[in-house]
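A short worksheet on the structure shown next.
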Amino acid sequence: MGKLIEYEDASPEVRAVYDDIKAVRQTDWINNFWKALANDPATLKRTWESIKQIMAPGALDPLMKEMIYVAVSASNQCPYCIASHTAAARKKGMTDQMFAELMAIVGMANETNRLSAGYRVEIDPQFR
Amino acid sequence: MGKLIEYEDASPEVRAVYDDIKAVRQTDWINNFWKALANDPATLKRTWESIKQIMAPGALDPLMKEMIYVAVSASNQCPYCIASHTAAARKKGMTDQMFAELMAIVGMANETNRLSAGYRVEIDPQFR
Amino acid sequence: MGKLIEYEDASPEVRAVYDDIKAVRQTDWINNFWKALANDPATLKRTWESIKQIMAPGALDPLMKEMIYVAVSASNQCPYCIASHTAAARKKGMTDQMFAELMAIVGMANETNRLSAGYRVEIDPQFR
Amino acid sequence: MGKLIEYEDASPEVRAVYDDIKAVRQTDWINNFWKALANDPATLKRTWESIKQIMAPGALDPLMKEMIYVAVSASNQCPYCIASHTAAARKKGMTDQMFAELMAIVGMANETNRLSAGYRVEIDPQFR
Amino acid sequence: MGKLIEYEDASPEVRAVYDDIKAVRQTDWINNFWKALANDPATLKRTWESIKQIMAPGALDPLMKEMIYVAVSASNQCPYCIASHTAAARKKGMTDQMFAELMAIVGMANETNRLSAGYRVEIDPQFR
Amino acid sequence: MGKLIEYEDASPEVRAVYDDIKAVRQTDWINNFWKALANDPATLKRTWESIKQIMAPGALDPLMKEMIYVAVSASNQCPYCIASHTAAARKKGMTDQMFAELMAIVGMANETNRLSAGYRVEIDPQFR
């Protein structure tokens, strides 16, 4: 497993990102993903700044954004990302029913994506 | 490209599905995906019944459901599904800004899915 | 698009592979995949030798082998491979009904692969 | 890990699906996949009905169908699905030699899928 | 196809990114990827800034970086990205022989990734 | 988990491959991947011969080749392959900084692969 950088062992550059994560997420806890990325402070900072920008409230609300993140992670079968973003979505209000509907769509989309490929369906002019 | 079954050439079993698609979607138009699946009436019927059930209003509203479908299709890089479900989401009210935010999340999730894999990040006990 | 090496422009090394493809497949025709690989004679030879070994009759018959190739190619959404291996499977006897059943399984497997990931299903001890 | 619904804690709706799984598969045992899906009875029922229909004997025999399921699951690198469907295929008669040939094709198809993409091979008119 | 924003129709914010792309790449030409992203100026700017940072000379030289980009794009079978990053790698000095070796590795890695999954190979303690 | 074939239990055919692996890699140790493939001596031999050919020094040096293997494995999220090829790359001289830059590219390529798909970016004529 990858090495994790704890706050007390972190450089000022890494600590600044950890502090911002804590402030934005209103928590005292840094999860392993960031502690692993901290092995490369440039990627840590870039990734956090990007996530912060992308996941902020916008035309889509934060819960919906988090559920879209879960959808992609489940589709990609990424165990860490499924675990962490499902937890985040739960915290933002995702109910059992919402999770169930989300998974049903992810499963179905993966099915029809392959059916359209295997049957070599030509894109309708109306969709171009 | 796969053969497409037009309404006038379809069996009563296939026509019944086409009629239901038209009724549920309040349209006179059947897109190529269904016309290709009609080569296998059992799969046509099963897929349509599943989609109808999954995409119906529930804890998630139809627009959000359609956008999740787009997210998975873009992540899987399925040209037909991206084209058809983006069109469907637009029809249900997806604005340019919503689409932009959706794509930003899909891109970012695909990035962090690989970072967590490459850095072999152990799942936090809190997420189990 | 990639450059294609025609027989008349090919080196003796490449021609030897083309000749073997023609002999094994009992055809006079070389499809584009091999003409593209011929840009790298080592990969052309290695890939053809591997394919010839793997696709030869064994515990699984050639038609079943070709259909498994189609299944993977449709799952991966590879347009060239779907087109070429579906044609090859048809030539070896795949009927419309067999193709329909194949696609139904490919679609369903892609769906349940994601459901098991998203629901984070623990592997049963009986399956280990 | 996801919560698993045991028979004794299941609703009548879920029990009915479990009973049907047991009857069709002639077993007393329900594997974790279904116990996890039981968190969403609608998806449990829909998925089981679909699987039952798709995996029934047809133009392809049940062993071949199960091996195609294994092929897709291995290609998608889904640990749960590889474990469960390999076990199911073994039960239906898959020998070591058949499994070996299956894996060889899955590996090779994944290789040539990428070669055809990377070399940007144009689809031959004969395959259209 | 997605709408493309030309320089003359672009907002000052988008023009500033286009100008920086031209300056860094020492070219007068903006390729379609950026013109499409310009529909979302925030994603355009964030993506360009990230790419600029990541692809700059570092411990890996720019050609090697570009070839890694091609490797991932070919593995993901992304037609646009294969075309654009192969062209970029050629410009930075990738020879036919280097491309051939790159593709051979991409193909082989995709094969052994699936073999290790299908055979359910346990990670050696030495690799942990 | 799959059965592993140890040297002392191996057939002469398998032992010959193990011996060659040891000679080429100048080690006494065979990792689990090969011990699992040894269940199918034909695939063991073919895969090793292919890997030996592909990973030998050429226009690309062995370290770069190994890092490309890591890039594909991380992109495919294959735990075994990430672990084994990262170890191999480290042994061939990959520094922390090189690994960090590699992961940054893998992440970014996965992001822009999806953005180009989702925005349906048309390939520029210059790239064809």
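A, B, C, D, E and F label the chains in the order they appear, each numbered from 1.
The rule is simple: a residue touches a chain if its C-beta (ideal position, glycine included) is under 8 Å from a C-beta of that chain, and two chains touch if they have at least 3 such contacts.
Please read these numbers as outputs of a predicted model, since none were measured by experiment.
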Any chain that touches subunit F and subunit C: A, B, D, E
Interface residue overlap between copies subunit C and subunit D, same or different (over half shared): same
Listed pair (C-F, A-C or B-C) duplicating the C-E contact set, over half by residue number: B-C
Whole-Å separation of chain centres (CA-atom averages), subunit A against subunit F: 27
Approximate Å spacing (C-alpha centroids) for the pair subunit B, subunit D: 21
Per-residue multi-chain contacts in subunit C, two or more chains: 1, 39, 42-43, 46-47, 50, 75-79, 83, 100, 102-104, 106-108, 110-113, 115, 117, 119-120, 128
Parts of subunit E lying in touch with subunit B, wherever the complex brings them together: 39-40, 42-43, 46-47, 76-78
Touch list for subunit B against partner subunit F, complex: 70, 74-75, 77, 79, 82-83, 102-103, 106-108, 110-115, 117-120
Complex contact set, residues of subunit A against subunit B: 1-2, 4, 29, 31-33, 36-37, 39, 43, 47, 50-51, 54-55, 58-60, 64-65, 67-69, 71-73, 75-76, 78-81, 83-87, 95, 97-98, 100-102, 104-106, 108-113, 115-117, 119-124, 126-128
Contacting residues of subunit F [partner subunit A, same complex]: 77, 96, 100, 103-104, 107
Interfacial residue positions of subunit D with respect to subunit B in the complex: 1, 42, 46, 50, 53, 128
